[in-house]
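Please go over the structures that come below.
Paired with chain B in one complex and with chain C in the other, chain A is shared by the two complexes that follow.
Let's turn to the complex of A and B:
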């Protein structure tokens, strides 16, 4: 990697880590001066761009998330959701209300029903009790699967777009534009089965946002994402929230809960959650 | 219509890219045809029908399995159940025709003394029935191993059952056997009439069954209510 490539990658990594633009410009200029004056391989001098950017972000800090705008009308209202598998009750009287311009995180221990709750909200699974009221258009991104191995990413966009009545060209362009928001330039000729796990999840996520849903339901969509993409993902959620979408994201990573407006903890009674309180099917 | 054709196109694209599967889909009927070719050509032609039916049904079964995770998302994206199952069927019918055509030409050149219109009609019955049969099994049995074994049972019964017996009429591909007999043994027209009627009834019945199962599986759940955006 030559100095220019390294500096470009370094600047991108700083952006991913949400280092303030002024700080990033300053640090990149300093590194460029150092390389120009001292010479040498930048990877040897500073290390990999990602690692050096992480160290810089650690020392100068990240920009605070933008202040949330006032939430709009209710877009998703789930109440009294109870679900049993055989004799095991997975969800009991769970509820959640999300408004336009809000992000809700569904958290909880493994097996506490996070994915089931989301699938009930998406209308893919019927609850034993309870009801869900949603806006007119839903987007859903599963934890895995949901793509076709032998289709190209562009063909996925065409397929999803046709459901909305979009012509091929606009569907392809909309898909590629949405993918770029995640830092992914969709390849024209690579089958989905040849994409890495993380890239396949980017496709999955792109498909769910392509329909411009009022309510976006995301089931741990970041599986396999590298750190940069993970940051891009949360930035993208922020943009969607600012555009008035209601977003529900299932997560067990609690490091981004500062960027969400609501938290629904489904940890059952007797379990331990991050706050130490408990509540089976707890409310947000 | 655009949705239907898009699903059909994507089904075909997926199938055409699985070159190993395509090769085996061609090898299966060819094996059925060649295995008895040195004896009586009529038996070879009837076996060929079974080979085509089996190959196309299996392709439909696996196409249904592969689409299982994708279809609920497509429902949310604006597709209705009939766009999905009819689109997939259209794509598989096109693939079935493409597979049957070279075998029809083989029979025309290899066995000139047959009623070739009858051979074509029997093959059309196989191609018409196999996709909805495979899709139905795939929809009812989500695990591919179970589906494959059930398909094997059906084909084995079809192969071994006495075609003159009453029970044979309950097997899905009896029509191709009956029309095939008319084509290769030059029997009376009753065979053709019975075969065509059976083929039509089974095809329509299979499509209705697929429609029913898919509509239930991809139904709009009662607990979910959509409100107009305010």
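Let's turn to the complex of A and C:
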């Protein structure tokens, strides 16, 4: 990547992270001056545009969020969800409404039914009471599993693509492009069983976005991610939201609640749907 | 030198090193990187240096101003503030206090 291309990509990434235009202009100009003085490959001097932009955003802070755009149509509506295993009630009257262009976080203590709630939304588990309505196409990324040990990553993309009626070539390219959004360059010749746990999760996540679902259900998909990938993951969720997807993500990592629109807390004691609570609902 | 270890050390003191360089004269990013290298710290990439400068600026330890140099294009010049001098004094003392016993502990092992 030459300096001009890098600077353009960097400026776009700053904009995407809502760094104030004034700050962004200064930072880009300063980087341009530095590259002119010192030369060198910008991806070596400053790193990849996205990562450097993230570091800058962290250093200068981002602009206050724009007034939330009018919420899109409802994509997922769950109400009165109750689930019992034997005598144990895992979920009692849980509900969540997610619209196009929103990220909802499902949080709560271990064992409070977060994954069960998501599996019910995905239609993999039947609730004892309540109902779920989902708008058209659904993507689901389980906590683990979901990949085939003896297939290459590319073959996974071809497989998912086949379900969409895509030819092998385009499916492979789409998969690799989606993987790159997570900062992952898919190897051409490594069996999935030889990938690390974190990398298998990237594959999992890539597959769930590949079908371009209207509703994306993610069950703590970032286990085993390193710090950089974790940041890329939330950036990618932001892009998918901006593209109008409705996203539900199960998480126990509370540090990213500033990036979500809704929070459903399934902890039994509180047991409240914090949907719409001003203290939790803001976009960052 | 072990690159990873050097990186860890730098993260802790790069802001102080920059304040130290700015103590006597204002400077701009590229010049600071060269001065750090010349001082023996080693090469510092822009991706490491500018976020530190931005943080120093945001916390009021330096001020910055775009200006045309005597020759060449406009550059963003950084200048230390009184708060920056105080931070350098305190942080510098802390560093010396920290590094002296470390040196004491490891020095004997160096020549073995």
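Keep in mind that, in the parts below, the second predicted complex is superposed on the first by the 199 of 284 C-alpha atoms of A that agree within 3 Å, B and C clash if a C-alpha of one lies under 4 Å from a C-alpha of the other, contacts with A are read in each partner's own complex, and residues count from 1 in each chain.
The rule we apply is simple: contacts are C-beta pairs under 8 Å (C-beta built on N, C-alpha and C of every residue); 3 or more make two chains touch, one makes a residue touch a chain.
All values derive from a computational prediction rather than experimental measurement.
K.L.:
Between chain B and chain C, which one contacts more residues of chain A in the superposed model?
P.N.:
The larger set of chain A residues in touch belongs to B.
K.L.:
Examine A:195 and indicate which partner it touches, taking first as chain B and second as chain C; both and neither are also allowed.
P.N.:
Neither partner.
K.L.:
With both complexes overlaid on chain A, does A:266 touch chain B (first), chain C (second), both or neither?
P.N.:
Neither partner.
K.L.:
Is A:123 in contact with chain B, with chain C, with both, or with neither (first, second, both, neither)?
P.N.:
In the superposition, A:123 touches chain B alone.
K.L.:
For A:52, select first, second, both or neither according to whether it touches chain B, chain C, the two together, or no partner.
P.N.:
second
K.L.:
Touching A:30, do we find chain B (first), chain C (second), both, or neither?
P.N.:
second
K.L.:
For A:11 in the superposed arrangement: first (chain B), second (chain C), both or neither?
P.N.:
So A:11 meets neither chain B nor chain C here.
K.L.:
Jot down the residues of chain A that show up as touching in both complexes, chain B in one and chain C in the other.
P.N.:
No residue sits in both footprints.
K.L.:
Of all residues in chain A, which touch chain B in the complex?
P.N.:
The contact residues of chain A facing chain B are 73, 120, 122-127, 130-136, 138-140, 142, 145-151, 155, 158-160, 162-165, 191, 207-208, 210-211, 214.
K.L.:
Sort out for me which residues of chain B touch chain A in the complex.
P.N.:
Against chain A, chain B makes touches at 2-3, 6-7, 10, 13-15, 17-18, 66-67, 69-70, 72-74, 76-79, 220-230.
K.L.:
Hey, which residues of chain C end up touching chain A in the complex?
P.N.:
28-30, 33, 45-47, 50-51, 54-55, 58, 66, 73-76
K.L.:
Which residues of chain A touch chain C in their complex?
P.N.:
Its residues touching chain C are 26-27, 29-31, 33-38, 44-47, 52, 55-56, 58-61.
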